[in-house]
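Next up: the structures, one after another.
Look for chain A in each of the two complexes below; its partner is chain B in the first and chain C in the second.
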Partner chain A sequence: MTGDTTRTIQVAALTRVEGEGALRIYLKDNRVTDVQLSIYEPPRFFEALLRGRPLEETPDITARICGICPIAYQMTSIHALEQALGIAITPEIRALRRLLYCGEWIESHGVHTHLLHIPDFFRCSSSIELAKRFPKEVIRGLRLKKTGNRLLELLGGRAVHPINAAVGGFYRAPRKAELHTLTDDLKQGLQDAIDVARWVSSFEYPDFDRDYEMVAMHHPEEYPMNEGRIVSTKGLDIAANEFEQHFEERHVAHSTALQCMRIPANTAYFVGPLARVNLNPSTLSPSAKQLMSEVGIEWPCFNPYKSIVARALEVVHAFEEALQIIADYQGCSPARVSYAPRQGEGCWATEAPRGLIYHRYATTEDGKIAFAKIVPPTSQNQRQIELDLADYIPSVLGGGDSETALACERLIRSYDPCISCSTHFLKLEINRQ
Partner chain B sequence: MGVFKFASCDGCQLQLLSCEDELLSIADAIDIVHFLEASSHVEPGPYDVALVEGSITTNVDRNRILEVRKHSKYLVTIGACATAGGIQALKNWGDRSDYLRAVYARPEYIETLSTSTAIADHVKVDFELRGCPINRLQLIDVILSLLADRAPRTPRHSVCLDCKRRGTVCIAVAQDAVCLGPITQAGCGAICPAYQRGCYGCFGPAAQPNCDSLADWYLAGRATPVELVPLLRNFNANAPAFRECGDRIDPFLDSGGTT
Partner chain C sequence: MKSLETSHLGSERSESIVPTPLATSLPTLVVGIGSPHGDDQAGWEVIKQLSDRLVGDFTFRKASVPHDILDWLHSELNLHIVDASLDSEPGVRRHAIRQQPDPSVQIDQLQPLSADFAEMTFPDVRSSSSHQLDLLSVLKLASTLGKLPNQFLLWTVSIELSCKNDCMGTGTASRVSECARRIANELQNA
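Then we have the complex of A and B:
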């Protein structure tokens, strides 16, 4: 802090987020004039390097966009390519895909909740430090996450960059008896997840209710994962293939991640677990629905800090649905629907752990990728995070620069930004004038 | 220990957090003083061990890795990006300005090198742990080795041996599949053949791989160069053995040279 009304605050690098980025805040007389969430993750050009590649490699390559949510990239690219190729999958393949997505939600929400986010509520720097005060709770979180990973390993081959998902279905469908080896751990996981949801809902949350447009997928009969319409808390209701008529990516100078906005009004919006729970309360699993009414939150909820409760409810849902899918499973034959390459174009949206994800591809007659467009969740939340910070920062300027920085990081972490998907995140710098 | 990230997907450092049963014991045995993904507690070097994930794709990162090296006693690279340049090394075969225009509306905002290269191309590396992603058990062995002051026991044999151990019937023999198992380093657990698909080389070249012989055998009736080149040129595209073989059989490359 300098003597007059000009000062600069800096946070070197955002921590406990996936990927790397910085935050610059411009202040004049303690009023926020601009907030820039800067993603300096080096660009990796996935959309360019897919061109000319055999289309069946696409799920293997798009998985590498993010080591934390590879299934989201695999599922979205597979569905989009199946649209381009005119492939209709069987109900059995569809159920196994939901099971795979359940595994990723458990694993990814498990990592974010226990290893990245909960330490904030107890002013701990890491889950290791948190484990010294809450050993039972941290071990419970790790156990829950491990079960998610086991599910991914069995169905996907491995947890990071699974190898079993293919255009048309799976390379190998699991045997019934193999899936049943997971049942005991999934039952324990469901109980653990219920306990975690009760624990996180007892945390203290800042009052920060906002007028968001929350956007998520919606399906009449099932909690949205792989399929549905795109709806919002402000009345949007479109098919997934109308996405680009209502959302547009912009390139801003301070970031290697594109920012996605609602068009034509050019407004920011909010995706992720809180948006999904708000827009889909009726299709949550029975235990998750029961907890939703018990946790003392008025739904719909527009406080971003409470995203962790939504995340915990979704983990309950994922365990319960996984158990149901396994109980109903009678085998899957064929494991993969065969197809012939053709010239075509297809797009699809699914719900990644962090929110809506949209892909569009064009294919060539000889089975290659001609064009790829990938819109990850973080590029969609990025502008909303900047706007939240602009409103929030004045309330936390009193405590000194390091306290301000810490408060900003906490707000950003509640979004669970995944910056390595900046196919394209955070240093904090505050410029005061 | 410090964990450092360059151009990558975070999947390899996530493997450290995926050691659910061992994570708290590891944290008891070593001080992790720089691990941005997992902890807000950050201390400056020097470090006894630096784990480095990701490849070098920008000028800033080229300078940053020199700094990490300067402050680290042992530098261990983890994953295909750090050991071979990763999937983003595909741009080494393309036109940088074309890549920029394909992804970004305002290319002038983006600073990037024309290549994605392994860490060892820039600084001395003490040990390379392969895989896309790395195997967490191999990572634990590397950490234990450093604690015990012994060399890591990371096998360099091919995936084939692990298929035999796993009892997987050879899909290259029985199903005429195109499988990179014979030339790819083990470590993944030989999962792809066990899931009825050919190995796609994500752990990079095994020790003394005879890539040309395998490629010529596949090209004699089982695959065309157009099918085989992308298989050799994916997550370990810039690993010398895979790169040289892919370039040799690439019908669209004049002299086999790359940028």
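Then we have the complex of A and C:
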């Protein structure tokens, strides 16, 4: 295990994350000198692809960035373009957008929690192994996912890569009766989600509290989804249009993906459900708020493994808010606010299931995209994941390289990274000197 | 692409060996897995053609990722799944799959109805999909949870991945039509 030769250990596949990447750990005298989360997937050039295309195509094109959280890309692009075009949407459209986001959080969190993350806590190699031990719980998780998908289908036209969201609103607004067909399943889902939150909070968690700067959106009156200021646990409080003055994406030599850092200090930061819950406890739904106080966690929480509890609380919130929006819904007319193309620029941030997402666009007089910038959540968490691993690895080196690899995978999975939307391969290299 | 790479799967000859195995009294679900892009839209296009062609008590679904299927599966179904495949020889292949009566036996020990399918063992099939929830993993999970019909049909349409832009290649388009026609025949004659 030790010595002055370099040793390379390959893990065939890092299971249950999105995207292709490699993890390289450099050790000298069994001390970590560097950790590189290397994303070697080719860049996908979505920003360049959008240039010159009609702005109306942007929501559907950006939705293609992710099959798990297309709504986040659609919503952020739509809001940014509406700002560029000076469009003010109606309260009804705004509520439907929150409902759509509820569906995505339920679906995305449901999949990650039950099929990807929970197996770690029982040392199961897959959701199939987990299902053998906890069939009722896995079926319950799949039920949550299904209800989230139904919500997405009804509002978005289809569950994956929905097509109904548009600049200015929706191509078609649902009828009141259509939404009410979901009510019983949403009520069942709320109860299921509460049970899931209680279950995951009973898990054993590694002791790994860290001094993170957690960053999320904040809105005084509602749990942040589509709108709000950007705040942090270290005092940041800015408007979304100040994002690029405080955050900067950079290229690092070991990765094709950009890494986003806080500037000017050049520090890493943490986005995602745990950051959102920490920074927005007062606007969680009543049931989620009550659960927050009974799950035995001291808030704010700075243990990344406990992100799964935050995810579970957000699913409770999403079900409760979805039920409320549907109960209040009286129709949405017009479904879409009309607008005229113009030269302009707009930026916006929303909260994807995996954390803060930021878009900026410039439009031309004839309604084309002149410029696009997209900052997804995972690029923001990448540097923090590397720093976490550097701190965590010494505590798991004693178990052998395969155990080290497994421990690294577990820590990475707690972030629910979405490296890209294709395959999922992570090779681990441990270079010992 | 969410497809199987089916070089180890059975061939056309399997159809002449085994008749249609599915129970006809059950509700029918046909799921096409794919995307709107290039040859990968094969599964979706089969669903579109079936929807245009057939009227009756059939449910046709498009899945973008295999785990979508979990939302619709239950054990009492006449189930057909259609997916694109990277295959050594072009063709449309029909794989009849049956689970063992013993519920403790998982899908990796399925006894296929077709002779050629017997050559397939789980580790031989490479698959690619988001979250490592590929089609076979999803079917295994469904089997573990008792949500998989005891027997079902998996149709694979070989694709080329060489088509420019978002269009489907002519060879794939031809195989898609063939697949839709054959599934339609089975459903109408069941």
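Everything below uses one rule, namely that the second predicted complex is superposed on the first by the 418 of 433 C-alpha atoms of A that agree within 3 Å, B and C clash if a C-alpha of one lies under 4 Å from a C-alpha of the other, contacts with A are read in each partner's own complex, and residues count from 1 in each chain.
Keep in mind that, in the parts below, a residue touches a chain if its C-beta (ideal position, glycine included) is under 8 Å from a C-beta of that chain, and two chains touch if they have at least 3 such contacts.
A quick note: this is a predicted structure, and the numbers were derived from the prediction, not measured.
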| item | value |
| --- | --- |
| Combined model on chain A where chain B meets chain C, clash or fit | clash |
| Contact breadth on chain A, by residue count: chain C or chain B | B |
| Partner chain in contact with A:E409 - chain B first, chain C second, else both or neither | first |
| Partner chain in contact with A:I65 - chain B first, chain C second, else both or neither | first |
| Contacts of A:E57 with chain B and chain C, given as first, second, both or neither | first |
| Partner chain in contact with A:Y171 - chain B first, chain C second, else both or neither | first |
| Which of chain B and chain C A:I163 touches, first, second, both or neither | first |
| Contacts of A:R44 with chain B and chain C, given as first, second, both or neither | first |
| Which of chain B and chain C A:H251 touches, first, second, both or neither | first |
| Residues on chain A lying within both footprints (that of chain B and that of chain C) | 13, 15-18, 67-68, 111, 115-116, 126-128, 131, 138-139, 142, 145-146, 149, 158-161, 423 |
| Footprint of chain A on chain C - complex, ascending | 62-65, 67-68, 70-71, 106, 128-133, 137, 140-141, 144-147 |
| Of chain A, residues touching chain C in the complex | 13, 15-18, 67-68, 111, 115-116, 126-128, 131-132, 135, 138-139, 142, 145-146, 149, 158-161, 421-424 |
| Sites on chain A touched by chain B in the complex | 12-20, 40-49, 51, 53-54, 57, 60-61, 64-68, 70, 111, 115-116, 119, 125-129, 131, 138-139, 142-143, 145-146, 149, 157-161, 163-164, 166, 171-172, 250-253, 256, 258, 335, 409, 420, 423 |
| Residue ranges of chain B touching chain A (in the complex, touch as defined) | 5-15, 17-18, 20-21, 23-24, 27, 32, 35-42, 54, 57-58, 60-61, 86-88, 90-91, 94, 98-100, 102-106, 109-110, 112, 116, 132-133, 188-189, 191-192, 194-197, 200, 202, 227, 230, 234-235 |
